[in-house]
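Report on one structure; see the data block that follows.
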Amino acid sequence: MPLVPIHFKGKSNPLTVITPVKRGWGRFLTNAILFVFHHLPLGVVKQLAFIHFARWILIKGNKLPRLSEDQPVEDNWPYDFYVFTTNFNGSWDQYIDAFGRIHAVSKGLNMLWYTSEGFPGPWPMRLFKRYIHYFTAPQHLYYNAYPGATVRDIDAATKLNAEIEAFLEDTKDEMDDAEFGRRYRAFVNQVSPWLGKTGLEEKHEALAHRAVPMELSQ
Amino acid sequence: MTDHSFLTVISPIEHRRNDPDGREATIRKTLLAHEQDDSPFADCPMVHMARIQILDQAVPPMGDTSGAALKTKYLLFAIDIDGRVDDFLDSLYRRDADFVHNVWGQCIGYPDFRGAVFFRRYIDACSFSNPLGYAGFDLSVGDTLLMLTRKNVLADFVSAHQGKSDKELQAAWRKSRADLATPNLPKPESF
Amino acid sequence: MKPAAGTEKLSTHQDKRPGPIAQFLTTLVVRRIIPGTFAILRRFAPAFRFPFTNTVIVTSFDLVQEVFSRQKDFPVPYQRQVDYLDWEPTFLLAMKDTPAYWETLENVKKLWRTEDLKFVGEIANEVSNDRLDKANGKIDAIQDLMVPVTEAVIDRYYGVPIPLEKRAAFFNGCMHVAGFLFGAQSTAPKVVAAAQEAVKIVWEVIDGAIAAAHKNPLPDTTIIGRCHKDKIVDDQALRSYLMGMIMGYLPTNTLANGHALDVIMNNSDAYKTAIGAAEADDSDLMLRSVHEALRISYILPGLWRTAPVDQEIGIGSKKTYKIKKDQLIYISGMSAMKDKRRIVDPNKFDPNRSPDVYMVYGYHFHYCVGDKIADTMMEEIFTAIFKRKPKAGGKMIYNGNFPWNFNLSYKN
Amino acid sequence: MSSTTINTKDIQGIFKGFGLAWPKGRFFFLNYKSDKAGRALLKHLCPLTSFHDLKTVKPDVCVNAAFTCAGLEALALDNDLLYSLPEDFRDGMRRRASINGDAGDSAPEHWEDIWEGHQVHLWVGVYARTDAQLKDWDKAFTTWVSKTKGISIVGSQDVSRLVSSPDVPVYLEDKDSQPQKPVLLEHFGFRDGIGNPPIKGLNDKHITGGGRINAKGEWEDFPAGEFLLGHVDTNGEIPVAPKPDGFSRNGSFMVLRKLEQNVDLWRDYMKGQAKKLDADADDIASRMVGRRRDGTPLMPAHDDFDFKYSSDPEGRVCPLGSHMRRTNPRDSFGADFGSLLVDRHRILRRAITYGELVPTGKTQAEVNGEEGQGLMFIVLNASISRQFEFVQQQWVNYGNEFDQGNDRDPIIGTQCGHDQMVIPGDNAAGRETMVCDALQQFVVCKGGDYFFLPSISAFEALASDAQGWRR
């Protein structure tokens, strides 16, 4: 599968999928599903730690802003828009793979896209990927405040931060060198799993690889 | 901890008969100019992530051959920010009013005046509320940058002081404490 | 009431002070009734035509910004008053959005330069520390600190020395003319006559300074010296600019500093922040605290605009309001900056608010041209005060609707 | 078309792997000027040794062959077929250098000359029981090539297996780390060739610990489609493959990389770090690799294969950044997910070493001078970009998924000179954290390419003079 590089700087990728939903019952059901999801803990997604921010929103096709008399009335579009936006780490393929392969996530996705017209379900994967790709809207401007950091980096930094603050407090006053050495080593051992360096690098090959398989992008 | 706002805006793009894509072209040109760097959002300290997309045409379901289509092009603006939307809009307008005028100013119904108040009102008229939002972490942009910087500073310190004696360690730590407690923060978009 | 230490020199003016009952009522109106009324208007009628008058009061954040932003539709009305004051050519504050405005603005920026701020800071720092050191633990912060600092800047930076014997008259004259310009917009013959009387002394001082500078050239760190040396504008224009820069400086600063000090001294959050900022030498935080204090209180309750033709405000929002031709519009920045719809918890002191919620110096076109001078000065004065850890609390004493005295006690 | 039983007579022998039974080998890289010459060469090579042969016939000399994209084009195949080849394969390894992290010393401009200008059309791997048998075959083959018009050998590479012996020291400082039993070695002195995924229908017996972990936490063998085209993969689909079916079925994509190992540099670096950290060099080395010298896992394990990582989420036992854990993370991403996020990125390794073993105390120059030591790294997979390139790029040259930020694989990653590897300490076990800084380029890529390894039947079809798939 060849790769189509995308041109946004950094470790996170934007994806916007806009699927059509039938009005009437479809709209009602979608809102009901969204309401349910509002109250669900999304622990699995947190654990996977690859989504910065995501949103789902149902936009009524007949309530698109019409702000001038000159603007034609949208009377030839019988669907609502179901907009999904996400900012994820890793490659497109890997991201969609994770969606489909993790049972809890794929069940959730099946629910969320249940009302979208023609949604094939998260399995078989090839149809699912094709569906997502079919309804993906192209990006024109993307901004990320910390392009050199992934969700895992941020999670690690958060854990590390608590330890750093505790240790700064702990070593506020000068102390016996041996005692300091002991505390320092214990601290370093404690935080050592999160000491990988991060940030934007001059030329990081790993960042070039964020691609949609060509079989879908053609 | 500041609250997180998910702002979703869809604004119609003017489509003129005698100049079919004049306004849209201005938008595209402006977006392209800010694509790689010089992002107007970099100066808005509350913005986590932002995207602007031109929706040329709505994609009907596979197999719908009825010719269903939208009659206007739309501009989708989706943004994840800390705090209130108004603060962000004012901030964006203050930093780069030309960007605002070259993008949303080209949309239908944007009043012919300059001023942040019109931008706020316009976005308000075009925005959609009540999304199902997911945030992978619960930090403001400033906190995120601080923690990430601390992480790198500590990693450098640990790596540079392997195998040092306790005395040297303590002395070095005393010297580096301030760098760790209050590091020089990178500007948004430069970490 | 015994006059506060150091106010004796202004005794001529003190004679004119209203009696205690009149003062009480004025203070009540200024501090309670006007803000209260505006809060109600803001909520229910953000653009409200005052019954039986030609005046529309605009009080909500959005509408105030809108009127400010549409300078071509809503020009300033002050030219009427300027015409009475022997003030030719006119100055920025009374000008519409015309090429002449931009030319004047350019000239003003050639004279009052950004790099001068350091000098202004030095003057303010020196005078305020000197005053506070000498006063020995008790001072009238307005008359004995803020006014002298402002006068020192006018003297040493503008190059307009105020002779000691004319000092009180000059100050009173400025306050009166400012009231005439920005106040009730009355042009009744009696009011005009009083203003013309008051402005005389101001012109006298300015013209005197320019004439003196021709004899003994001033250094080019001063505005007059610089103007004469580089021949930036002629004396007639320079005279007008100086008048404008004094009119927009001395009275407003007195008002601003008095109100800001009142808020900071009587609000425990603000007091703590100011003390902390002074201790840490964080001039940026100090300035933000002063601005926040001015947001909670105010400099002026509002400013005036007119509508030469019929207009509508609220464009792009759900509700619009009509403004008829020749109506006067009173836009209340004071009220706008407390608008809950834009500002979270508006009565709370929070120096970390977004800079966009402040309209302390006005907004958009006609944004205060000397804002940086005022900022620099306020930074220095407030840092000097709060470094000495004044005792919290204190009451501002009004003279009519002007804050006039504020007694501070501190450790030297 | 797919079937659950796999015709092992149709699959090339390399799928099974030439183990210790065929320890000597020689790789030929050939070029043919015309499709006719190409077919003559293919015909000469027939029959190739099949998977089935290795199990039953066990010939003295085994021959396998694979094409580069240029090689298939030179056979004048039909455009439909050529256009159906996936883009990663058509690009070739040189053009994919930025994805694979081939930069610095490994950059394509420093590769061996034969990889320039698409000269290599065909890889022929010959494996023999003894040196003599290999020489005989080699002599006959080179004579035939020299007599045949339009065919040339652009390069060749001798390869051989290394086996540990208690008498030849490969440890750094700690004698006890020397493997006791004879095991297959690579040049840094570690056991090689373990941890390959078992494939359903090809393996004789189920190997616990090699395959994938299902939702119940049990080990399962891989479906053949992950490595063999034309079969069902872990997603329950037949992977995208070149057309027609007869061409790709039972074939696979093969990645071949010549990886030079700087044994001296590696040993010096390890000793330097050990001195700096006041630790045991062999211990540091094994924590970087993720296994002991004799292949024993760092994790508590039933045997050398059957262990999991999820009990060690912070990598305090086996560092998350270690080479083994990066290239086969098993259930590192959480016990809940099993190996679901790993399965699509597994590779089948069929590497073989070249050069002589450098015993401890000697330098590379003393052992075999300029020749050098290293590995002919061979990977078989159904999709180069999804499997080999993904591992290389996301797991080897990037550390995000292992909470390592930008830190790269300490052994085979592309080093910039200031890279580090953190070996987490453990307060409970009383072991100190070790940060190995300024990692050096111990392993340098000297060239290679992407190959298509056809089935035996497809190879024979390509060799035949019938019109077949030609244009």
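Letters A, B, C and D mark the chains in the order given here, with residues in each chain numbered from 1 onward.
The rule we apply is simple: a contact is a pair of C-beta atoms (placed from the backbone, for glycine too) under 8 Å apart; a residue touches a chain by one contact, two chains touch by 3 or more.
Quantities reported herein were computed from a predicted structural model and do not represent experimental measurements.
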Contact-richer chain pair [A-B vs B-D]: A-B
Chain nearest the global centroid, as defined over all protein CA atoms shown: B
Taking each chain's C-alpha mean as its centre, the one farthest from chain D: C
Distance between the centres, which are taken as Cα means, of chain B and chain A, whole angstrom: 15
Gap in Å, rounded to a whole number, between the CA centres of chain D and chain C: 78
Rounded Å distance between chain B and chain D, as computed from the means of their C-alpha atoms: 43
Centre-to-centre distance between chain C and chain A (centres being mean Cα positions), rounded to whole Å: 51
Residue list for chain D, restricted to those that touch at least two other chains: 405, 420, 422, 433, 435
Per-residue overlap in chain A, given as positions that touch at least 2 other chains: 153, 156, 188, 192, 194-199
In chain B, residues with contacts to at least two other chains: 109, 125, 151, 155, 158-159
Chain contact topology (line, ring, star, complete or other): other
All pairs of touching chains, each written as two labels joined by a dash: A-B, A-D, B-C, B-D
List of chain B residues in touch with chain A within their complex: 6, 8, 10-12, 28, 31-32, 34-37, 39, 41-42, 47-55, 58-64, 67-72, 74, 76, 78, 80, 107-109, 125-126, 128, 130-137, 139, 141, 144-148, 150-152, 154-156, 158-159, 165-167, 169-170, 173-174, 177, 180-181, 188-191
Chain B residues within the chain D interface of the complex: 151, 155, 158-160, 162-163
List of chain C residues in touch with chain B within their complex: 62, 65-66, 68-70, 315-317, 342, 344, 354-357, 364
Residues on chain D engaged by chain A in the complex (per definition of touch): 86-88, 90-91, 98-101, 103, 215, 235-237, 240, 314-316, 320-321, 333-334, 336-337, 340-341, 343-344, 383, 385-386, 389-390, 393-394, 397-407, 414, 420, 422-427, 431-433, 435
Touching residues on chain A, where the partner in the complex is chain B: 7-9, 12, 14, 16, 18, 20, 34, 37-38, 42, 45-46, 49-57, 59, 64-68, 70-74, 76-79, 81, 83, 85, 87, 117-118, 134-135, 137-149, 151, 153-158, 160-161, 164, 168, 171, 174-175, 177-178, 180-181, 184, 188, 191-192, 194-200
